[in-house]
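Paired with subunit B in one complex and with subunit C in the other, subunit A is shared by the two complexes that follow.
Entry: the complex of A and B
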């Protein structure tokens, strides 16, 4: 029996549901189906085969690339968490005026609303062979030759990831911190807790939901990426996203689809595990 | 006021370094885009000129920059309008639990965490299978919505979690219809956040790359055009383009923020007059 509130709810949610069905559910379903199809050099053939998965799961390249993807994700997670936590902590607990806090937070947010590709390109003059970093280090006499690993390297990939995605840690952690009842901190201080004890025993436990949400964002963005790795490594490093985009460039859609499904399952398993620790709707 | 603890100064230093990290590279290409005609992609500057900006206006030097800018701008406005309407409606829907609301919520979260390239690939495949032509206004538009809608929805959740329902009840008690209640009570209260959603919708679309890659069709959006340039342009003209589009993004952000600010001021002024 449908209640009136159910009907109203569905009417209001229907545009959202329709868009997500048409441009998310059906496309992912299609990827799933195509991942069992065969391909020639020029076209895809709707004939059932497990070849794509067989090839994928028996190729050592797959495991190497997935391992590299996990490594990028882990390092970027640690770096963005550390930076994001410190920045959020500073804004939430050390800035006294609400207006200043809003302005500083906006300053962190604005770059997120500009082009990621331009932000990647803008590392070239800094990291390049004759870039600012190398010139400064040579002038200081710390090195005799330009460092080659600054640009087009894994170092550059991780630097760009951190540059692009730290905001996704700052925002939810900052949000959690702003919801902490200040009297709890006063109470801890009155009872003789040191700053470190307050941080460790009061603030961090109460910030966990924000940390979880930030983690979900950063992990999915890094694991699903292909463009940052391609551009910042100068096509020298690979992750799963690049494996997929290379197959797409060769028109090998079934193979790209199979890799996509494996990536999707991996990401959803990780997110599913993380979501058990946090109720996103309650935290907003 | 009590004096600042020493940790404050360390954290301030950290924050300043973080801001330099955030903005430094962008400022660097801003400076280098004024590189002289003989200059390269890195310092030193070989003279100062607007040569590379002039270059942007020459078709043969950079391809169809202005066409792609126009398309990205129109697409941004389309995505913005759709995101605002659909996200506000979705936010309203979720204020009361309805049959299947949990499933819809997880669908929206899935839309946020599913890697962009999968959406791109999937939408491309669907259009191909159904014999439809991919175009930035259809497939590109839809693919971008899967990214902007969940963001808009999350913002609306945050807004309605803090919304005081007694205003609505007061309106209803005085005989306002549901539409009147929404248009004259709810919407004015949530308007600043709605402007925020609009800014998100526009900016995320205007800069979107991965989801548009396989769904834009034969006419590129600006980010696709810029990416194409990175592989074959090795001159500071790309910095000039980067500077222009970043300045444009800043201008849009400024415009929206000014809108929110004027709205708040207007509201405060009215509240003050009423005493």
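Entry: the complex of A and C
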């Protein structure tokens, strides 16, 4: 016999379960199934073949592209963490008034009022050969020739990624910092800890869950992206997302599915490993 | 209650209408029904123009809904969602991919009023009787099928047409003459180290590979059997040459959409690149010099047409034929020709153009007065001639048509390697 409270529990959970089933589990299941199918130019043939995975795992392009994706992810993670941590630290510990703090925090979110594609594309005229950055540098006499590597380069890709994703690092870190009991810091100071010791032994351990959540956001966003890489590298660099989008454009759904599955597993493994360092559920 | 009862007057009215309808069946019912018909057309942005839909409403009375997509999405939709459209406005190489799915139905040429006036390229493949047929997916090779239900292409003209040709052009490289400062005559210039970091090519594999082939052949490094249907070895060599150039920093960027190509050129990031004619126009209308440079090796041509969805029947099918006949009757042709494309039936379009426009766009004569496009933007000043000259001069120098190769899948993989390199 089911107890009444159990039934209510199930009923309360069911909307979310249904939504997740319909929009997460079923699509991923479909992608998984399709990844074993065959495709020709114009049709998809339900079959069971390992060809897609075989090609994927034996092609040097795959490794090169995955390596590029990891590099983007790692560099963006380091940059967003550094910036995000400093901004959050400033907001949480240096600003005394709650109102000022909230106003400044909202300022951080203002760029998010426009679409991220627009924010990304607006870098292009800024960084271009005859763009504002090059013109300014030349007028200041710092350079004679325009800097070519500013745009359509890995530098541009990473710049855009950091610009787009830093807020996802700021928010959870800021949130964790605000929950730190200030008396812990006072106690540390009373016991003679220096500022660095407080930062290293008190604040960083207590903001770990925020850092971890931000890390998951940034890694998944960067690893799943294709449009930023396409626009900012002028299509000259590739990451896994672009491989998938190229396949989809050419109707190679099975191959796109196989690549997606490999990417999904990779990202899940990374997140799984991260979870071992910090128990987010306990800390929340 | 009174509303429910038939009044004598209304009975008389319906009676009269019924009598008239049975006496003169077709026109009455046609006129009634056609207003309710909506045809859904989708295709690339080139010819999916709202002006055409408005004119259809005026001239034919029914509604034409247009959706513009990029060529990859068009292929995808035609191949996978046959019920989402009535009319597909697609390119011939897309037709080669999509036709075998059976999502389109062949058209009866006897129902096309201007069929015999359609340019030879789309019928027997020859522009003039002496013409040599270019490489690639030439439109006539995928233009006909043996019968209404057939999914394979006929070798020669039959009564059943796959696409009714509507628009085509010859493409070449676009250049910034002000930033290059010397004449450009060959496709080989795209890889000239002089333009290091200032060249671009398009990142649409099926078209990009053709531009690459034009370049490789022009440099003399590769001799192709058929650029439109390369062997694996030819694909490997072509990609290798371009990968080397990419690593050496020859390219500033690759572009995928029309706007990107315009911005690359207009901003001066790129001075020589694969381009499409309306993109050249878009750069020019910003007051920036840009030339669609005729090259000695010839052009890469493309052509598009209208195909009918398998699911079209009855009055909608009749309306679709009506629309296609109207399309070939001149107004649209002139509308497209005034933007620099060609109409499949040029002679009907002539009536809708001024002699000056006809002379400039079709005959390659110097403009007697300023030439404006249908949107009122000045395309050429008095005295200028069209890049590449007359219709026969341009379409007569096609080296290759946009195509799908037998080794397409292999080519796509190699293309991915090139982008990732």
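One rule holds in what follows: the second predicted complex is superposed on the first by the 274 of 284 C-alpha atoms of A that agree within 3 Å, B and C clash if a C-alpha of one lies under 4 Å from a C-alpha of the other, contacts with A are read in each partner's own complex, and residues count from 1 in each chain.
Just so we're on the same page, contacts are C-beta pairs under 8 Å (C-beta built on N, C-alpha and C of every residue); 3 or more make two chains touch, one makes a residue touch a chain.
As the structure is a computational prediction, the values presented were derived from the model and not from experiment.
Participant: Going by the contact rule set out at the top, does A:214 touch subunit B (first), subunit C (second), both, or neither?
Facilitator: neither
Participant: Of the two partner chains, subunit B (first) and subunit C (second), which one does A:264 touch, if any: first, second, both, or neither?
Facilitator: So A:264 only meets subunit B here.
Participant: With the two structures laid over each other on chain A, which partner does A:172 touch: subunit B (first), subunit C (second), both, or neither?
Facilitator: A:172 contacts neither subunit B nor subunit C.
Participant: Regarding the shared-chain residue A:94, is it in contact with subunit B (first), subunit C (second), both, or neither?
Facilitator: first
Participant: So, A:68: does it touch subunit B (first), subunit C (second), both, or neither?
Facilitator: A:68: touches subunit C, not subunit B.
Participant: If we overlay the two complexes on their shared chain A, which of subunit B and subunit C does A:254 touch? Say first, second, both or neither.
Facilitator: Neither partner.
Participant: For the three-chain arrangement built by superposition, which of subunit B and subunit C touches the greater number of subunit A residues?
Facilitator: Between subunit B and subunit C, the winner on subunit A residue contacts is B.
Participant: Just checking: does A:234 make contact with subunit B only, subunit C only, both, or neither of them? Give me first, second, both or neither.
Facilitator: second
Participant: In the superposed arrangement, which partner chain does A:128 touch: subunit B (first), subunit C (second), both, or neither?
Facilitator: After superposing on A, A:128 lies in contact with both subunit B and subunit C.
Participant: A:151 contacts which: subunit B (first), subunit C (second), both, neither?
Facilitator: So A:151 only meets subunit C here.
Participant: Using the superposition described at the top, list the residues of subunit A that contact subunit B and also contact subunit C.
Facilitator: 124-125, 128-130, 248
Participant: Please name which positions on subunit A make contact with subunit B in the complex.
Facilitator: 2-3, 5-6, 8-13, 15-17, 19-20, 22-28, 30-31, 34, 83, 86-87, 89-91, 94, 96, 104, 106-108, 110-111, 113-119, 121-126, 128-132, 135, 163, 166, 195, 216, 220, 223-227, 231, 241, 244-245, 248, 253, 256-257, 260, 263-264, 267-268, 271, 275, 280-281, 284
Participant: Sort out for me which residues of subunit A touch subunit C in the complex.
Facilitator: The touching residues are 41-43, 55, 59, 61, 64-65, 68, 124-125, 128-130, 148, 151-152, 230, 233-238, 242-243, 246, 248-252.
Participant: Subunit A touches which residues of subunit B in the complex?
Facilitator: Touch residues, subunit B against subunit A: 1, 4-5, 7-8, 11-12, 14-15, 18-19, 21-26, 28-29, 32, 41-43, 82, 85-87, 89-90, 92-94, 96-101, 104-105, 107-119, 121-123, 125-126, 129, 142-143, 145-146, 149, 153-154, 157-158, 161, 199-200, 203-204, 206-207, 209-210, 214, 223, 226-227, 230, 238-239, 242, 245-246, 249-250, 252-253, 257.
Participant: Spell out the residues on subunit C that touch subunit A in their complex, using ranges where they run on.
Facilitator: 72-73, 75-76, 79-80, 97-98, 100-101, 197, 200, 203, 205, 246, 251-256, 263, 267-269, 404, 408-409, 412-413, 415-417, 419-420
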